[in-house]
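Structures for review follow.
Each of the next two complexes has chain A plus one more chain, namely chain B in the first and chain C in the second.
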Partner chain A sequence: MSASSGLYHPTVARLTYRALLGRRRAAILFALPALLLIISAVIRVMTGADDETATTVLGGFALATMVPLIGVVAGTGAIGPEIDDGSVVYLLAKPIKRPTIVFTKLLVAIGVTVAFSAIPTLVAGFILNGNSQQIAVAYAVAAAVASIAYSAVFLLLGTVTRHAVVAGLVYALVWETLFGSLIPGARTLSVQQWSLALAQKIGAEGAISSDVGLPLALVLLIGVTVAATWYAGRKLRTLTLAGEE
Partner chain B sequence: MSSIHIDNVSRWFGNVVAVNDVSMVIGPGVTGLLGPNGAGKSTLINMMGGFLAPSTGTVTLDGTAIWRNEQIYRHIGIVPEREAMYDFLTGLEFVRANAELHGLGAKEAQRALATVEMEYAQDRKIATYSKGMRQRVKMASALVHDPSVLLLDEPFNGMDPRQRMQLMELLRQMGAEGRTVLFSSHILEEVEQLAAHIEVVVAGRHAASGDFRKIRRLMTDRPHRYLVRSSDDRALAAALIADPSTSGIEVDVQEGALRVQAVDFGRFTELLPRVARAQGIRLLTVSPSDESLESVFSYLVAA
Partner chain C sequence: MPPETTAAPAQDVIHNIGYRNYAGPRLGRAYARRSLFSQSLRGAYGLGRSAKSKVLPMILFGVMVLPAAIIVAVSVATKMNKLPLEYTRYAILLQAVIGLYIASQAPQSVSRDLRFKTVPLYFSRPIERVDYVAAKFAAMASALFILTATPLLLLYVGALLAKLDFADQTKGFAQGLVSVILLSLLFAGIGLVVAALTPRRGFGVAAVIAVLTISYGAVSTIQGIALAQDNTAAVSWIGLFSPITLVDGVQTAFLSATSAFPGGHGPSAGTGVVYLLVLLALVVGSYGLLMRRYRKVGL
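Coming up: the complex of A and B.
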């Protein structure tokens, strides 16, 4: 196999996920889903199965908070620290196309985000109401789709700024949560709302609602993911490593 | 055999000019890139390594542009100055990963580790390595694909004398094999010990190029000092001071030698043996006493 063929390089993937899961920040990857599962179990035991409660927990905590946070950790963590400390030079000084490096890291970030957010969301949904009205599946799919877009956006952030984590948190918490609830227009530009459009389609009639129509949501999801990935590849191609001078 | 050509290269960052119209050719053998901190050495090495675009001018390897050309890394091995290198891996895992990124495998990784004599610690995590061990594993990662060009940014920084000697020996060997080895340093004795050929950069400009003794000789307006021992020091001193190429002579009684200061290098080197022969004086020692890079360098910086 030639080192430069294809858009996926197994060695880049291995280095990326080992770096991601080996860092202290990775604790968040385990803590948040654990919290979701514990909350779900407690609610189920205390109040019994209830569709509205399930929607509140899955929409309010899982999709609105947990998915973007895990997206920030996985997306920025897949490349940001390597650029910060300069070790990315060992990847860049190789006859491998830069888009291959970015795409492989994106796949790893998506994989980690889906594993630590979409799958726990599905499990939490089953715990909460046993997938009544398809709510568990709908939110899990929304979480998976959001994982892809978040990973791409935060991976890009990791290549353009040294403060990717802060920028990511600001976007995830301030933009998605705060502005989204204050300014209706901001919701159109929200990964969360786009993925909710998909959840709305999957869930039973009236169970879940989004502020964005499905066709627009899909176009925006795909557009943002592709554009962010393309730009990250471009950025990496002309990445200037800060010298010591 | 490969050569890096730097043609009329400048690089600026905002208003700061880091490299100013530099042209040089780095050919096979060991070349030292010498200059004080902030002279633009790292900027030059980053351009040679394809991590920085020249603002103007071109940097090529055997006629092929280096910037935005990842295929060039089939021929270039890079040993970065920065320490970070996937500390969570073992030395073997790290070098193996580097081999895989070149489309190579375990065999090449093992060979590279053997070259730098790091097999004994290859199963330890890099996080536990000393500075010198890290440097050697970095070398292994740069050598894994048997490149014709090796670029090292301040490779001796923070190494102890023994590690320094080992690395120098390794680089000498690489140069002798016909590889193009370029290393940067701000420490003169390192360059003096290792590189036959030096390129000096001062304040972003290419200050000098060539064999360091030759460079020294180019600076004819600077006095050259020699330590001379002969069968009759006083008679020789008298004969030498009569010529305008000599500006001063001290008879060092304790050393039993003459300290001669020459202002015209060419004329003095021709004068000394002629005078000695005419006077029937045997020359026992003639050695330049200030041809250390330190003196060359301080001269260049002051100029």
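Coming up: the complex of A and C.
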């Protein structure tokens, strides 16, 4: 199999990886998990091991705030800046299929998001209550699954709009946090709740709760990820470069 | 600047092609500073920019004002004897909108100048570093003040039209205004400092919102846990560590606001002094950091 016919292109992957973890961008990616671990350690010292506290921190802070933010940075950062400064034309001019480019960038974005959100969540869970009731593992899996969906959605946003970061943040903050807490129906359409459904299954009975049933959540997770990736590949084929406003 | 000598062109040129020197009035440094301020303020709402860049700030402005209009309509229609919420509470409730506004507009104010290397061009004009920083800071704070004070004004006018107690409402409105002035200065400072670190607009947006929401998320999580432990002293102290809870703390201590802290355990007047000092230190500190940032910029 030649490199150009597969869905994964190592050079594109290397370029994306370096764009994501180069320079200051990496600072935000390191700062967030570090903060989570520090908070977990402080809380453990302050209150001792407590399952309810662990759920509050992992659900309220890690999964609700940290994972979407890292998803936005990694997902839009994988393609947004290249489109923004126009250097994406050099990539598109190479004989590489557009879906291959998107898929490779998605893999890298997923890898980065999982590494910087799911793994710290797992470690924080062990710090908080030593994985009692499987809470640490449940939230880590939820964070990993959410990372995949967020990366795909935000990568798509990166190809659709120049204001991908703002759009992504509006979704993550306004839709999931604000509307999710006010309108029960909005929770059905929330990556966070879908991944919580998985966490509910893994965690001990009654430890974690989600508003969405597991089968529906899985269908939606996979559906959204696949659809977003497919559409991003399509979008890249008809990309028009606009000047700076 | 050297004094203008326009009468006779210099004779020591090899070939005089007849260009005239500018002989009109020089408007000077203060004018340039005012222009930079008004341009930045207009730019923060997309005025004088493309139609596309008006969309987001105008939508956010609309979202910010809409709840106030609804509240006024409801309280007039149902003849309430007081507004259903305090003036000081409004900005706290809509903090997500304010956060998104500063995150989207602070980078457009400073990041693009860095990215297109126009900062050295500004400094080729008769303005100094302090003028640039002060103009940008003042413009962003004014833009935030317009965003946060307009709904309060709407509430106040509505309350007077509904014939609520004049003295009561005026006092509440004044307290609300002081609180949003502090909030505007604080958020403008933080937003600009973070945005000025990077020439990439998108990354600036993410960084500003990360600073605001992550600190708030962390603070409210820890506060929730401290409340569950009945450690109310900790609840009132932890609020120091995020911008919006800082404003909340100051207005709880001094502007007779009801705290939005978990359980309503806001800081007392004594603790409130610390809140106020930290808030002022952050505003001054962000001004200082901006001055530092622009010392060698673009060279």
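Just so it is clear, the second predicted complex is superposed on the first by the 237 of 245 C-alpha atoms of A that agree within 3 Å, B and C clash if a C-alpha of one lies under 4 Å from a C-alpha of the other, contacts with A are read in each partner's own complex, and residues count from 1 in each chain.
We adopt the following convention: a contact is a pair of C-beta atoms (placed from the backbone, for glycine too) under 8 Å apart; a residue touches a chain by one contact, two chains touch by 3 or more.
Everything quoted here is computed from the prediction, not taken from an experiment.
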Next item on the list: Label the relationship between chain B and chain C on chain A in the superposed model as either fit or clash.
Entry: fit
Item checked: Partner chain(s) touched by A:182 [first = chain B, second = chain C, both, neither] -> neither
Notebook entry, point to check: With the two structures laid over each other on chain A, which partner does A:65 touch: chain B (first), chain C (second), both, or neither?
Noted result: second
Note to self: Is A:97 touching anything from chain B or chain C once the two structures are fitted on A? First, second, both or neither.
What the structure shows: first
Notebook entry, point to check: Of the two partner chains, chain B (first) and chain C (second), which one does A:166 touch, if any: first, second, both, or neither?
Noted result: second
Margin query: According to the stated criteria, A:52 is in contact with first (chain B), second (chain C), both, or neither; which is it?
Written below: second
Notebook entry, point to check: For A:240, is the partner it touches chain B (first), chain C (second), both, or none of the two (neither)?
Noted result: first
Notebook entry, point to check: Mind checking the angle chain B, chain A, chain C on Cα centres after superposing, to the nearest 10 degrees?
Noted result: 80
Notebook entry, point to check: In the superposed arrangement, which partner chain does A:86 touch: chain B (first), chain C (second), both, or neither?
Noted result: first
Notebook entry, point to check: In whole Å, how close do chain B and chain C get at the C-alpha level once superposed?
Noted result: 11
Checklist line | Residues of chain A that lie at the interface with chain B and also at the interface with chain C | finding: 244-245
Check: Mind pulling up the chain B residues that touch chain A in the complex?
Finding: 18, 37-38, 40-43, 46, 49-53, 68, 70-74, 76-78, 80-82, 84-86, 88-89, 97-98, 100-103, 141, 153-154
Next item on the list: Going by the contact rule at the top, pick out the chain A residues touching chain B in the complex.
Entry: 1-4, 9-12, 14-15, 18-19, 22, 85-87, 89-98, 237-241, 243-245
Margin query: Show me the residue ranges of chain C that touch chain A in the complex, using the header's touch definition.
Written below: 49-50, 52-53, 56, 96, 99-100, 103-104, 112, 116, 197-198, 200-203, 205-207, 209-210, 213-214, 217-218, 220-222, 224-226, 228-229
Note to self: Considering only the defined contacts, which chain A positions touch chain C in the complex?
What the structure shows: 24-25, 28, 32, 35, 39, 42-43, 46-47, 52-53, 56-57, 60-61, 64-66, 69, 72-73, 76-77, 80-81, 84, 163-166, 169-170, 173-174, 177-178, 244-245
